[in-house]
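Before anything else, here is the set of structures, which you'll find just below.
Each of the next two complexes has subunit A plus one other chain: subunit B in the first, subunit C in the second.
Now for the complex of A and B:
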């Protein structure tokens, strides 16, 4: 038993080092003076963080990322919820093909990028927040819907049936009965949509061309410049970009993980 | 009576029509046209980008003032995605106007058809103006799909102080590859006698990057009178005798003479090149770009060089034209092109025409070096330092005109890495990579 524990701990430590070392290196680089490559920096500096905050553009990109991410969450959640409720509670022809929703996000975006960009342009939303919100939502809805469906399946249907017998409408049963019971699932979906939208680069790179609608992942890559790479600035910006999804994850990790496990348990 | 009435009606209608037309024409002429200018400078990406944005913010209002009927709006795309964006958006039917473009990707643009042929516009330039801009090797690569904005070329940077310290005349530098090796061997030092090299004679970069082919392999294969890619057969030809000699030369620097560190095969170009040079790791570094002149000034190794002053001097670090044969050093630049879907090509060229003048380009920070020959007559560019760069620019050559340039560059980088890291047999490895490339892309 003890030997097994020791092996588990060694495995745990190795995996932790493997996972955490890049993060440690990023933090170290963001606080190191420029061009310093030694493992332990000769001194610590905040100059790279300061250099971000003296540039109004960085704060603008932060605000833009927040707008797009919250917009995508606001659009994805109700649509996924209604779809999930229908899949979980109603019978209709073709319901058995619902699992295909999980296949849709596997489609490589790059394969449909040109028609997607063309379509967004024709819709008149190219180079706007709306384009990013729409596309992020469309690509997040299938997985979010499936996660919520599993949460709904885990809530007892009898309570909803009792509410329907008492004269409650189906929408009323969803809002008053099912929703409060599946709050953890909704939080899991919010965290999932937030993280995927927050980190997404490709949609923004393809669908926007104005500085005013740029988002943080684009700002991060701009540190890899024509004259070389400003690694320290990149790491400082990366660390700051990491904070919102990290905080969200840390607060709601229990429900997020429960949401993911519920995904595979059904 | 009726005739008179008819006449009056006709005269009145004509008069009203004339008045309306006179009123309408100026209002139509005054209706401003908006053109878009796609660039890659990002204010969040550091001082270099900020300087270029400031230059754009100064240049565009001056253009708008001179052309009251034209407004310019900026578009932004990352520097290494701007060409792809143009091609992709062209396929998606999204119009752009003026776009910054890269010479290496012009063959791809030629096939895609996303850039306009600018011949008819440039033909209107007076002869003197045309000669002022078409002298560089870059011109032949970008025109007629683009107009170059500057010259990015490379030299060998070296430490004058180390030359003096080890008894070499800092005013005399290697002129061919043989003497380059001798200098590098002499300057490679283990200063604290711990068995490890502290100062490498000749820094280079052979990472998994296009810099590997552009700054090293191509200049050496050209030096040995070979070609990377044959324009007649449209096949890669880097495994030729010249290719073997070029590879042998590079291999020997790392493994036989040990004047170039083995870690030149890893990391990034700026890390291995610029940062290590500034850290004092090298006595010489070849493949030093004109876009890195600023950091030398920041370090205090040159004074009055960036921005250039007539009294500018290279004190600690200096440059010399790479020790290959003439016209064997990679040279490129950013260019300006017009998107085929542009609804305002004439106004777009007006903007290009306005930018590519000595008044505008004199302080364009990303020029690298001036693309206009007349600018080189300015006193601030008459210093020894810049005259060496002028020689390098005139010495330059562009990459082969293939639509699969990216794939060719990646193939050569991978091949060199295998040879340098695994010490794979040179001839067989070059042949294998060349065959693999040709199997996919020969004949275009």
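Now for the complex of A and C:
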């Protein structure tokens, strides 16, 4: 048994190095003087971060990303919550189609992006935050709804029934009793929608064209074009982009991971 | 539509049934409307658009299978399809077996998993464009560590992203980095559901480590393997953004997978008919993979 433990720990260590090396490299490069070749830089510098903040555009892109992401969370969560409650607590004809919610996230959504762009044109929201919020929400709703459904299934229905007997209305019971119990599930969904929306490049590239609504991943790619191979600055911008999703993830990882992996095995 | 008809019929059941059914439909209605309007409808429009020739001014005419014929007649597009298969096969073939082995290795230490799980899952939540930039800077010809490592091993200085084979390996390696730990944790979660009594019974019967694996662990995790294969295949197949961010499909067209071709045609060159048609090709490829894996899963249910 001892030998197996040692092998396991070596495995953990190797995987950790593999997983963390690119991030270490990004941090290292963003603090290194230009053209530093050794793995451990001889001196550290903040100049690349400073050069980002003297450009007002970077802050604008950061704000844009935040607007779109929070908008998508705000639209997805209530809709998914309502739908999830219906799927978990009611029996009704057509319920079996709920399993489709697990198939949607697997489909190559890039395939419907072309018609979707022309829809957005016709709706008059092309090149706006609204288009990005809508598309990110729609593509997140299926998995978010399914995740919440499973969380609700795992909270005991008896508490809601007791509340009903006490004379609460069904919606009153849902709000006062069930919502606090679903908090871990809601947080998992919020983190999930936040991360997928924040990280997305494709929909933004397809649905917007002007600089004023550009989000961070788009900005990063355009930096490559305008800065050439200024890797130190690109890594600095990349590391700043990672902070919000990484902080959210590390802070709520227990609930997020539980929410993520529980869904597929049911 | 189906649902509202059933809602009509339930009205006969009196006020109680109406109340019972109306509420869940009402709750689901906003989500269903959005999904029909922005997911199902564009799917149909996309197929319709693939049979049209659409000019930049938005004037369209019906051309039958012309787009399909033109695309399939192109050597470049046939390569796009081939590179998609290579990209998927490369990533799945590399990450699933290694992640399965790693999952078997780490399940003995559940305490360790709790601690390392969050670290392991980081690549999965890193912004794809950012990880692509990190990989690009790691293979950059002037000071990239992977370039240096390759030079140490082979003794030759490569400009990695200018070499078509190495560029393909870079996009596969990048996807491998992003998906490896997700697959490992997914499979570890599956292995953890196997009751320990089975292993104890196996030991009593004198089954060795290999017999315990091939008769207990493998059959009982076949379903998890199938699901994770499906998830990773779909993600890799539709991945346009990391490949585009890493290589733009180059050098030449040597890493231009189907999804990247779609992205470039539709949103950079504004060839909407080609964009829609390539979308249909991608959907057909997904359908083929899905049917294949569901057949596999059907086989798994016999255990």
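In this text, the second predicted complex is superposed on the first by the 257 of 266 C-alpha atoms of A that agree within 3 Å, B and C clash if a C-alpha of one lies under 4 Å from a C-alpha of the other, contacts with A are read in each partner's own complex, and residues count from 1 in each chain.
Operating definition for what follows: contacts are C-beta pairs under 8 Å (C-beta built on N, C-alpha and C of every residue); 3 or more make two chains touch, one makes a residue touch a chain.
None of the values given here were measured: they were computed from a predicted structure.
Enquirer: Kindly say whether there is room for both subunit B and subunit C on subunit A in the superposition, answering fit or clash.
Expert: clash
Enquirer: Quick one: classify A:206 as touching subunit B (first), subunit C (second), both or neither.
Expert: both
Enquirer: Where does A:221 make contact in the superposed view: on subunit B (first), on subunit C (second), on both, or on neither?
Expert: both
Enquirer: When the two structures are overlaid on chain A, which partner does A:15 contact: first (subunit B), second (subunit C), both, or neither?
Expert: In the superposed model, A:15 contacts subunit C only, not subunit B.
Enquirer: Give one of first, second, both or neither to describe whether A:115 is in contact with subunit B, with subunit C, with both, or with none.
Expert: Both partners.
Enquirer: Touch check for A:26: first (subunit B), second (subunit C), both, or neither?
Expert: Touch partner of A:26: subunit C, not subunit B.
Enquirer: Which holds for A:126: it touches subunit B only (first), subunit C only (second), both, or neither?
Expert: first
Enquirer: Using the superposition described at the top, determine whether subunit B or subunit C touches more residues of subunit A.
Expert: It is C that touches the greater number of subunit A residues.
Enquirer: When the two structures are overlaid on chain A, which partner does A:49 contact: first (subunit B), second (subunit C), both, or neither?
Expert: Neither subunit B nor subunit C is touched by A:49.
Enquirer: For subunit A, give the residues common to its interface with subunit B and its interface with subunit C.
Expert: 35, 37, 113-115, 117-118, 205-206, 221, 229, 231
Enquirer: Going by the contact rule set out above, which residues of subunit B touch subunit A in the complex?
Expert: The touching residues are 36, 38, 40, 42-46, 48-50, 74-79, 81, 85, 88-89, 91-94, 96, 268-271, 274-275, 278-279, 289, 291-292, 366.
Enquirer: Under the stated contact criterion, what part of subunit C meets subunit A in this complex?
Expert: 2-3, 6, 10, 20-21, 23-25, 27-28, 30-32, 34-35, 38-39, 41-43, 45-46, 49, 102, 105-106, 108-109, 112, 116-123, 125-131, 133-138, 140, 142-143, 145, 177, 180-181, 184-186, 189-190, 193, 224, 227-228, 230-231, 234, 237-238, 240-241, 245, 259, 262-263, 266-267, 272, 275-276, 278-280, 282-283, 285-286, 290
Enquirer: So in the complex, the part of subunit A that touches subunit B is made up of which residues?
Expert: Those in contact with subunit B are residues 35, 37, 51-52, 55-58, 61, 113-115, 117-118, 121, 126, 205-206, 209-211, 214, 218-219, 221-223, 225-231, 233, 237.
Enquirer: Spell out the part of subunit A that touches subunit C in their complex, as residue ranges.
Expert: Result: residues 4-5, 7-9, 11-12, 15-16, 18-20, 22-23, 25-26, 29, 35-37, 39, 79-80, 82-83, 85-87, 89-90, 92-94, 104, 106-119, 134-135, 137-139, 141-142, 145, 170, 195, 198-202, 205-206, 216-217, 220-221, 224, 229, 231, 234-235, 238-239, 241-242, 245-246, 249-250, 253, 257, 261, 264-265 of subunit A touch subunit C.
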